[in-house]
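For reference, the structure is listed below as structure tokens.
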Amino acid sequence: MTVNELVKAMGKAGAYNGGALAKAADLYEKMLRDKQATKFFGLAGAMVPAGMGGIVSDLIEAGHIDVLVSTGANLTHDIIEAIGCRHFHGTAFCNDVELRHDEINRIYDVYLPNEAFETFEAFMQKTFSELEPESRISISGLLAHIGSRTKSGILHTAARKKIPVYCPAVQDSMVGLQYWLFSQTNHVTVDAFADMPALMDRCFSVKKAGALLVGGGVPKNFILQSMLMTPNGFDYAVQLTGDRPDLGGLSGATLDEARSWGKITEDAQAVTVYGDATITLPLLVAAVMERMHHG
Amino acid sequence: MTVNELVKAMGKAGAYNGGALAKAADLYEKMLRDKQATKFFGLAGAMVPAGMGGIVSDLIEAGHIDVLVSTGANLTHDIIEAIGCRHFHGTAFCNDVELRHDEINRIYDVYLPNEAFETFEAFMQKTFSELEPESRISISGLLAHIGSRTKSGILHTAARKKIPVYCPAVQDSMVGLQYWLFSQTNHVTVDAFADMPALMDRCFSVKKAGALLVGGGVPKNFILQSMLMTPNGFDYAVQLTGDRPDLGGLSGATLDEARSWGKITEDAQAVTVYGDATITLPLLVAAVMERMHHG
Amino acid sequence: MTVNELVKAMGKAGAYNGGALAKAADLYEKMLRDKQATKFFGLAGAMVPAGMGGIVSDLIEAGHIDVLVSTGANLTHDIIEAIGCRHFHGTAFCNDVELRHDEINRIYDVYLPNEAFETFEAFMQKTFSELEPESRISISGLLAHIGSRTKSGILHTAARKKIPVYCPAVQDSMVGLQYWLFSQTNHVTVDAFADMPALMDRCFSVKKAGALLVGGGVPKNFILQSMLMTPNGFDYAVQLTGDRPDLGGLSGATLDEARSWGKITEDAQAVTVYGDATITLPLLVAAVMERMHHG
Amino acid sequence: MTVNELVKAMGKAGAYNGGALAKAADLYEKMLRDKQATKFFGLAGAMVPAGMGGIVSDLIEAGHIDVLVSTGANLTHDIIEAIGCRHFHGTAFCNDVELRHDEINRIYDVYLPNEAFETFEAFMQKTFSELEPESRISISGLLAHIGSRTKSGILHTAARKKIPVYCPAVQDSMVGLQYWLFSQTNHVTVDAFADMPALMDRCFSVKKAGALLVGGGVPKNFILQSMLMTPNGFDYAVQLTGDRPDLGGLSGATLDEARSWGKITEDAQAVTVYGDATITLPLLVAAVMERMHHG
């Protein structure tokens, strides 16, 4: 049984999040096939340490992502993998003080040795030192600079394909901490708002727009709000989130809520699949890629 | 890409619930291949209206379930489908008063017209009328009687394969309400505890035991507690649940907690996958069946 | 600041589950003050080991519960406390194999030594031995018998106040396992359906009805379905649950869904508060009792 | 019954999140009473539209917050309330297209009319126009400038008390969109990293540190990571979150995980309460303030 056959069977069963996943696959296929649609991709959470980076790189490579918005955490771990360090499989049921003594950092059941951060520091400081002194740079410019120095991964693929990567809260990550270290003795200004004009121009000029939102957080909000100032809105939206709506946070908010704001259009097609994206993202992408490869 | 290849890829990514699902597949395969192991299956929630009944029937047919414990809701909807009525795909975002006026009953995004319950009532009353008057019967006996009168579905397959179906809270379902109706003019005693001796005998005599628990509720607890009075415990346990542990309910409890009670053995292999079983159950079963079919 | 003042302030803030809690308090007060309304109380989960038993006993004592539906787990732990055993505060982050060796059973962060179950067994066997030989008994009859032998707690208070306690899945608990033990050498038939006539009669004859549902599970479904066969429905419903609707299970289902079935009336007032009932139940009850005591 | 008495009773019951809340109150009291401890406060989600802003302002006023980290959404709504606009109580079960036609923006069950954003735009553009032309400013500097122009609320109180407010992802909010509008015709550079030196200096120099984390998101991560580059770590940490750990996101991560990284010290006291902060935050703060006022 192929993955697409399984997803189609979930659509026939048709209920709860299995049914939603099948609808999401239909919608994501439609969005990818719509040549007029600009495709946004939001990557929240800590998906790269969980091994989801390859899917994102592949989607960029295949031309399925036009604008990527990510947390700093995902980009930190993308770089860590690109420079040859590895995440290990561990367990969430452990003694964190012992891990601390063993110099292992834990992300739920993913383990990352401290030495990865030492390699990371060396790479980042060298990379930052190649920025033009006394210059002013945007966050996406900083990330493209890093991507031009890595040989694989999301930032590398995005840089090669000239896909902008936005990361509004870049300070809130190891990338940011390394930049702070660099900035103590160097003067390059990272302009927090320098990415806005190009993004807003794009949002004003899109014919149609679609978004795949993996998790919530800053990436989801930043993507959805980008249409707020324009007469446009997203025409397609697929959301894979583990959060719940009743807590009032944007991460778990329904996409219908986004309709009241005009972030998505009144008649936008929108599907939310609740669940862990380490399951729903591979399922969705494998099913849709199977369809794309068969015409 | 086949489903098993996807699940193996999730195992390589290795984290969060995607990683857990891959481990669950390995463990469920091992459990099914262990000829010494008695296989329990717990079916909570409202999985049958969501189209999951076929998977359960197929597993019984293939000899992969030795003991089934279910909620009454699942069995009610199994009968409804077996007698030719259908569940429809709707939406959870609707006006329930209008549905009421349209005589449609809603289970999240599954719609069931009232007329299905009329057909159900006729079938159930006829079926109950064929019970021996003034007799005493166990709940599994009552369910086997029903299964002998249906032509497809879980109860039918279980009856044909002589697999006991336990449903401790049978009163708590439409099956129960129909029985109450029948009992107003008939006298058959359903003995609440009549199933216990056979189940306990089996638990005392198993060489090894494994459980696949879909959701929590009564089925999970009833299966796990069945080992409490014996010197045995479950050797394998796979749990697919959407609940969370910190609320203290058994439905979201970790399987490690079951270790403290001796419900699973000290060195039992146990994996929990958090998420909606309408996604995780088809994924798990399709992957493992693919392996079983290839030797 | 009194608890009621806090809840009123949450109502003024007015959003998410804090706002819902304030609405729930208003509705529960209205329901308790409605002398025509029969009051149902559903107690799911494992609330008694978490110290919530006293609140339930107090509500029964004060005449605020007319019909109680519980899981067997809650009643098991109610008896355990009533016969002088204690639950201990532990941690959920522990080694369950070590707990097993120390003969401690864990419920999330509640610890119960095995010796409590020894005391429990002695008490239960003695209590069951006082049942009339060869008789037939309902589940609520069995529970009232136990309540007549304890000196405090939910079953005791309910027995004293002649409030029926229904527990459809009584087999699915330590009470049930003890009964199985007893039944190996004794013959008392517990009739699974013997409680239905009195409950259904009551449901047919109520003028108005209200329900406070703590958690979901069998208690919630059994209470709500009790109106299904009648022309009536619940006029008031307050639900405190930690589950979520999108998984399709009844435990997390909205009360609006119940409207489509006619379990609650078309114009019933209904409020759901999502969250852990060890927080929301004491808050709700303390606020409403404060109001009741002031007229 | 006072709120503190209720929280103490939850501590006596002692289990699940009710027990955790009582422990959190004890710990937060200890942290506030520790004169050596620098107090961080993380405010994620959309807490201000839910009426939680007053609690935060009061804590700043009382000297209980030394460093505040917030999402842009909370600050946007803080400004909206400070300039006289109001959030309304609505329902989450509504037609969002109709809301769109009525020019009402929805945040779960909070409604905000579009006209509030018109007033907001006028205020923000005027406020930004008073920035020194061609200057370079930090995000906290920008927010302090806004706070100096409002007459109430979080930003106002923080500005008056000279408490820094950090908002790493300020672009990701209506404040950010307004700034983009302003920046089209004005040149003030908001330096994304200008806040780091003062924050890092503070983290290097603290004797002890404590954090109250409301929700996860950028505020939680930014606060916890601030200690990563220092030999210090948080000595106290209280987390109120509705997320769950198994999804791997930081928002639901246990505080023990933070121990492996050294974000909190090996022997830090740390408590997580899972649930909606519109319930847990008022409960926690009311109980602890009651204690502080009685010596």
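By written order: A, B, C and D. Residues from 1 in each chain.
Following the convention adopted for this analysis, contacts are C-beta pairs under 8 Å (C-beta built on N, C-alpha and C of every residue); 3 or more make two chains touch, one makes a residue touch a chain.
This is a predicted model, so every value here is computed, not measured.
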Subunit B on subunit C, rotation in degrees - Cα superposition, rounded to nearest 5: 180
Farthest chain relative to subunit A (centres taken as mean CA coordinates): C
Winner on C-beta contact pairs when A-D is weighed against B-D: A-D
Separation of subunit A from subunit D, taking each centre as the mean of its C-alpha atoms, in whole Å: 24
Computed distance of Cα centres, subunit B from subunit A, in Å: 37
Whole-Å gap separating subunit B and subunit D, where each centre is the average of the chain's CA atoms: 44
Set of subunit D residues in contact with two or more other chains: 15-17, 49-50, 93, 107-110, 244, 246-248, 256, 274, 276, 278
Residue ranges of subunit D in contact with subunit A within the complex: 44-46, 49-50, 73, 92, 96-97, 99-100, 104-110, 136, 139, 168-174, 176-177, 179-181, 183-184, 189-193, 195-197, 200, 215, 217-218, 221-222, 225, 228-229, 242-251, 253, 256-262, 266, 276-278
Interface residues, subunit A side, partner subunit C - complex: 15-17, 93, 244, 246-248, 274
Subunit C to subunit D touching residues, read off their complex: 1-3, 6, 9-10, 12-19, 21, 49-52, 87, 89, 93, 107-110, 256, 274-276, 278-280, 282-283, 286, 290
